[in-house]
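I'd like to ask you about the structure that follows.
Naming follows writing order (A, B, C and D), and every chain is counted from residue 1.
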Amino acid sequence: MVFFNCDYNEGAHPAIMDLMMRTNMEQTGGYGIDPYCEKARSLIQAACGSDDLEVQFLVGGTQANLTVIAATLRPHQGVISADSGHVNVHETGAIEATGHKVIALPSQDGKLTAQQVLDCYTAHWEDGAHEHIAQPGMVYISNPTEIGTIYSKAELQALSEVCRKCGLPLYMDGARMGYGLAAKENDLDLKTITACCDVFYIGGTKQGALFGEALVIPNPAIAKDFRYMIKQRGGMLAKGRLLGIQFVGLFEDGLYFKLSEHAVGLAMKIREACKNKGYSFLVDSCTNQQFPILPNAVLEKLKEKYVFSMWGKVDEENSAVRFCTSWATKADDVEVLCADIAAL
Amino acid sequence: MVFFNCDYNEGAHPAIMDLMMRTNMEQTGGYGIDPYCEKARSLIQAACGSDDLEVQFLVGGTQANLTVIAATLRPHQGVISADSGHVNVHETGAIEATGHKVIALPSQDGKLTAQQVLDCYTAHWEDGAHEHIAQPGMVYISNPTEIGTIYSKAELQALSEVCRKCGLPLYMDGARMGYGLAAKENDLDLKTITACCDVFYIGGTKQGALFGEALVIPNPAIAKDFRYMIKQRGGMLAKGRLLGIQFVGLFEDGLYFKLSEHAVGLAMKIREACKNKGYSFLVDSCTNQQFPILPNAVLEKLKEKYVFSMWGKVDEENSAVRFCTSWATKADDVEVLCADIAAL
Amino acid sequence: MVFFNCDYNEGAHPAIMDLMMRTNMEQTGGYGIDPYCEKARSLIQAACGSDDLEVQFLVGGTQANLTVIAATLRPHQGVISADSGHVNVHETGAIEATGHKVIALPSQDGKLTAQQVLDCYTAHWEDGAHEHIAQPGMVYISNPTEIGTIYSKAELQALSEVCRKCGLPLYMDGARMGYGLAAKENDLDLKTITACCDVFYIGGTKQGALFGEALVIPNPAIAKDFRYMIKQRGGMLAKGRLLGIQFVGLFEDGLYFKLSEHAVGLAMKIREACKNKGYSFLVDSCTNQQFPILPNAVLEKLKEKYVFSMWGKVDEENSAVRFCTSWATKADDVEVLCADIAAL
Amino acid sequence: MVFFNCDYNEGAHPAIMDLMMRTNMEQTGGYGIDPYCEKARSLIQAACGSDDLEVQFLVGGTQANLTVIAATLRPHQGVISADSGHVNVHETGAIEATGHKVIALPSQDGKLTAQQVLDCYTAHWEDGAHEHIAQPGMVYISNPTEIGTIYSKAELQALSEVCRKCGLPLYMDGARMGYGLAAKENDLDLKTITACCDVFYIGGTKQGALFGEALVIPNPAIAKDFRYMIKQRGGMLAKGRLLGIQFVGLFEDGLYFKLSEHAVGLAMKIREACKNKGYSFLVDSCTNQQFPILPNAVLEKLKEKYVFSMWGKVDEENSAVRFCTSWATKADDVEVLCADIAAL
């Protein structure tokens, strides 16, 4: 069986494993205060175009989300998110467990628009009973979104402008950041993201590392005492250097971007194969996740050789599924898959 | 100006004030352990048809809701509510502040159906990723709902049956309980509610008391250590007897029910006046809140003499408003209002 | 039986009850936005010597404490308190339930010294592992303390100075504020307290009201959005005017201070009676709570006529007890008690 | 410089790194549902003597502690701990952030006695105001403790017996479990610990793994829905197999125990060297942490070659320090250190 069900089936890229092996018996300080975290921080600051950015490393995405949101909001505030946002649907109420409401706005494509945020903010403050309602306190987006779509530069800048006007810090979940930046349609880069967002993370777990997310915090008010927050939420890794080592591996020589391109390139082949066959898509994704709608009979056949995610019934005859590629996906496997799609 | 904007504009019914005056200089124990709370407890147990029910008294509705929900759920669980439920929209994230997600289900009439709850429960457990999603842990309803509708006996029993099958405690917010029971269409009574619900409260604040909600807890698992919960959430009134005294006043000689009938009777007159004039309603309410849709021009005139709540724009020419009656509404005021509606 | 066990055995002072009766059927806005709260606010601002102070009204003390502390701290911060502080021992973990550690410092007399706070703060920041430790974020004191002692002006000013130097907001719990201000040894006043504290409350529950605490918030950063916090924590009283009315009653014509003097004067008589008999005290209190150490045999006799609190065994023959006086204590009852003490 | 300051300075034991390398490109399911976690679970069940124990894997100790405690307590309950317990002093208020008070009992040797727990429990329930006080809801201990001491079998059994009598689940933090079991004075084993505790963890981070703690949950009430809790608190590792792989490495062929013996053996040499020189100890530890009291002049010399932790000033001339050994400590380094101690 070949797995296309998600982008975290394998360990880490061999270059990263190699770096971990070579440094294994060195003695360093703990908790992210070590030369490797220092070096990774510098590499990420350079990639983001600013050498005094706060950068912290966390193990996973839900941990990053709940820590950032808890650190940013005052108790009576909630976080605005698309209704399909990871924090709203797939974190077992982790945000609420820190005391905050997720203010979910409807979205078809997984994205929030500047207008939506402005309307939500305005409606809150115009309501005479506003203190009886959770106050919008920040905005959560993901790029790419949970369904593979991406923000354009213009969209992100408009969103950022509204957020700043409303005093709402903007947070971008970048669990698959590289796969977004590698999309052909993409016109964003890390410098623009740094300029637009108050805090964001560059995902490692799904992008070539064993685990790890690099949190970048351009807004000093959020950065203040942030390490306390990491510790309190159980996110401070004793051997923090493991995170530093992996991000050194990813950001030295641009490995992160190369791996992202690899994954997206293969995803485009799957997209092409489905399109050629006349299949439509649940959502038009330009990144490493593809959501074709396939006849159930075809799916049954594909299941004999491949693992993929069932995403939802479309009608009696057809279902939407998700195929993921990743840094680890083999070109040969995709080629055979595409041939199988063409043949079925 | 005459106020029809809400049902808590005045103090308390004179009989209750009188009882408070007469007992004012007595010395009793604090925190709800006193003869008046004891007596009120007995009266409520009798009204509910069971003499060993746990009954506790709280000052207000949001306090009751957050204390009950925090006491009932385990940390990873959320509370199912209609999207219009008070806990979802008008409590400033109070439920989330106790760590729990409100799982909001769409509702046009403010009610939840047994089928909705069953579907929500089933969908959760069928989802392969269920532990990544907040687990449905209890059900919150209000009767009457925030928009004045009520549950029939059959509806409540069906809901209760599903809840028990699914292991979901059922909680009824009865901020306006009496106004629901006094509706002509109502076939519920406190005994049935006691049989169907795991916990509910009988509202005093909007029903003739200065403040106070009587929490009834048929389910012993929720009752266990409940007074700790009240104290921890800041809801334990030092001079707890004030709550007891008021509920003695309300439940001795059936004052609670008489006041409820008074308010609903007057609300029906307002409904009739609007209907006679050909106005439609945002929702068909048989209780003390009425939501007619009136021409803006008429509203402007009415505003000169009356205070009422704007509920939302319907179209360019018409708006929905809310008129509330209460135990304190004067029949004369309603008569004049109805005449004014007829005349405009 | 005559009750000296606590200071909340009766209802409210007749003048307050009278005011509640006279205004009972008026129609006003809810949630503390009404002419009575407005007037009470003005009276309190005048008493505190500043006409733009934020003043909010809450029902009870634990509610006030948890709301203030949750509103003031960031998530990784704790509140410094004497180990005997109410927030540390008698609120069922209410502070922790909002997510914050109570950093308890040892105290014999219920008070914190400026030096203690400075040392605690300095030790935190000198610790290399400080981000592994809850950060001191504010200071909680009570005046009078839980055991009846009071801060001198010099002590409070020194504490305030250290707090400002360390960036620690200073919060004073004034559940029995008046009884402290009425002590012969007292040299504090509300203006000094306003100048020294970032937030404090003037207690009504134990000082002549049915319930109610007036929260004064000189620090605008804490005042910001404070009403959201009140609502979220379940503390926003629907008929908020009841709080306003009571504080109008207490602060018009200086009733609050007269009642305080009454209670403290009677407490001094009890103190004198015990001293004359040669009894010692657990703590030297100049306010309405007295903690004499009495022979068990004497206590047994007193129990036949009086209710008081057992405070702890001192040795095989003697126990410490608490006698409370209040605004409602009758001079005659105290006279008889003193005679009984003298006689036993 | 040679580091003796803590036991997490290096990466992982080569055998574990080797296993991670060999399995790196395999495709497995995520979130701890994979063959390696399955195998590690079996190995740990076997070591604990029961093949149906719930075993879950977490990344770190604070995460394990906060997740277990939040999963076990009801909201009004607190966790009893020695005042020196890690949850009380070194987790940035992580337990309080989940809403619970740490009920700290005084301890000189880092341990709790059965009598202390019984007294605490009894005192709570005998207090008339018990619902005004956080209710003791579970007991936290660590073995070895934060200062290297261990529980005897008799002590643990007595503690367990009291806990069961009082209905208090007993939780053992085993961050350095192996170093305790390897002590010459130890008479505990995993089977006894399984029989005595409701939940405990076997630490990997400080014992040869890159990271990871194996949580064992003999009490089914705590095990119920535990994976939701892990996810909600941000502790569910996407590539969960990494934890499984490491515990397979540790528990196959008894590596965990061999590494523990190695570390403790070397610690005993340091102890011996200090004793021979006539130095006393802050605490008599039989495990991998040693707390000798050394003359400041000696410390200054040692600092030129070694890194160790300053633990506290004892008097003007002497300070307590901590030397840690671990699975990674080299026998040669210890030999030279001992020689240096002897020579100074």
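Heads up, the rule we're going with is that a contact is a pair of C-beta atoms (placed from the backbone, for glycine too) under 8 Å apart; a residue touches a chain by one contact, two chains touch by 3 or more.
Computed from a prediction, not measured in an experiment: that's the story for all the values here.
Comparing mean CA positions across the assembly, the chain most remote from subunit A is C. Judged by contacting C-beta pairs, the busier of the interfaces A-C and B-C is B-C. Taking each chain's centre as the mean of its C-alpha atoms, subunit A lies 42 Å from subunit B.
Inter-chain centre distance (subunit A to subunit C, centres taken as mean C-alpha positions): 50 Å.
The geometric centre of subunit B is 34 Å away from that of subunit C, both derived from CA atoms.
Residue positions 75-76, 91-93, 97-99, 131-132, 134-135, 228, 231-232, 236 of subunit C each touch two or more of the other chains. Subunit C makes touch with subunit D in their complex at residues 75-78, 89-93, 96-102, 129, 131-135.
The residues of subunit B lying in touch with subunit C in their complex are 2-3, 6, 8-12, 14, 17, 20-21, 23-30, 59-63, 66-67, 91-94, 97-98, 205-206, 210-211, 228, 231-239, 242, 328.
Touching subunit C in their complex are the following residues of subunit A: 70-71, 74-76, 98-99, 131-132, 134-135, 225, 227-229, 231-232, 236.
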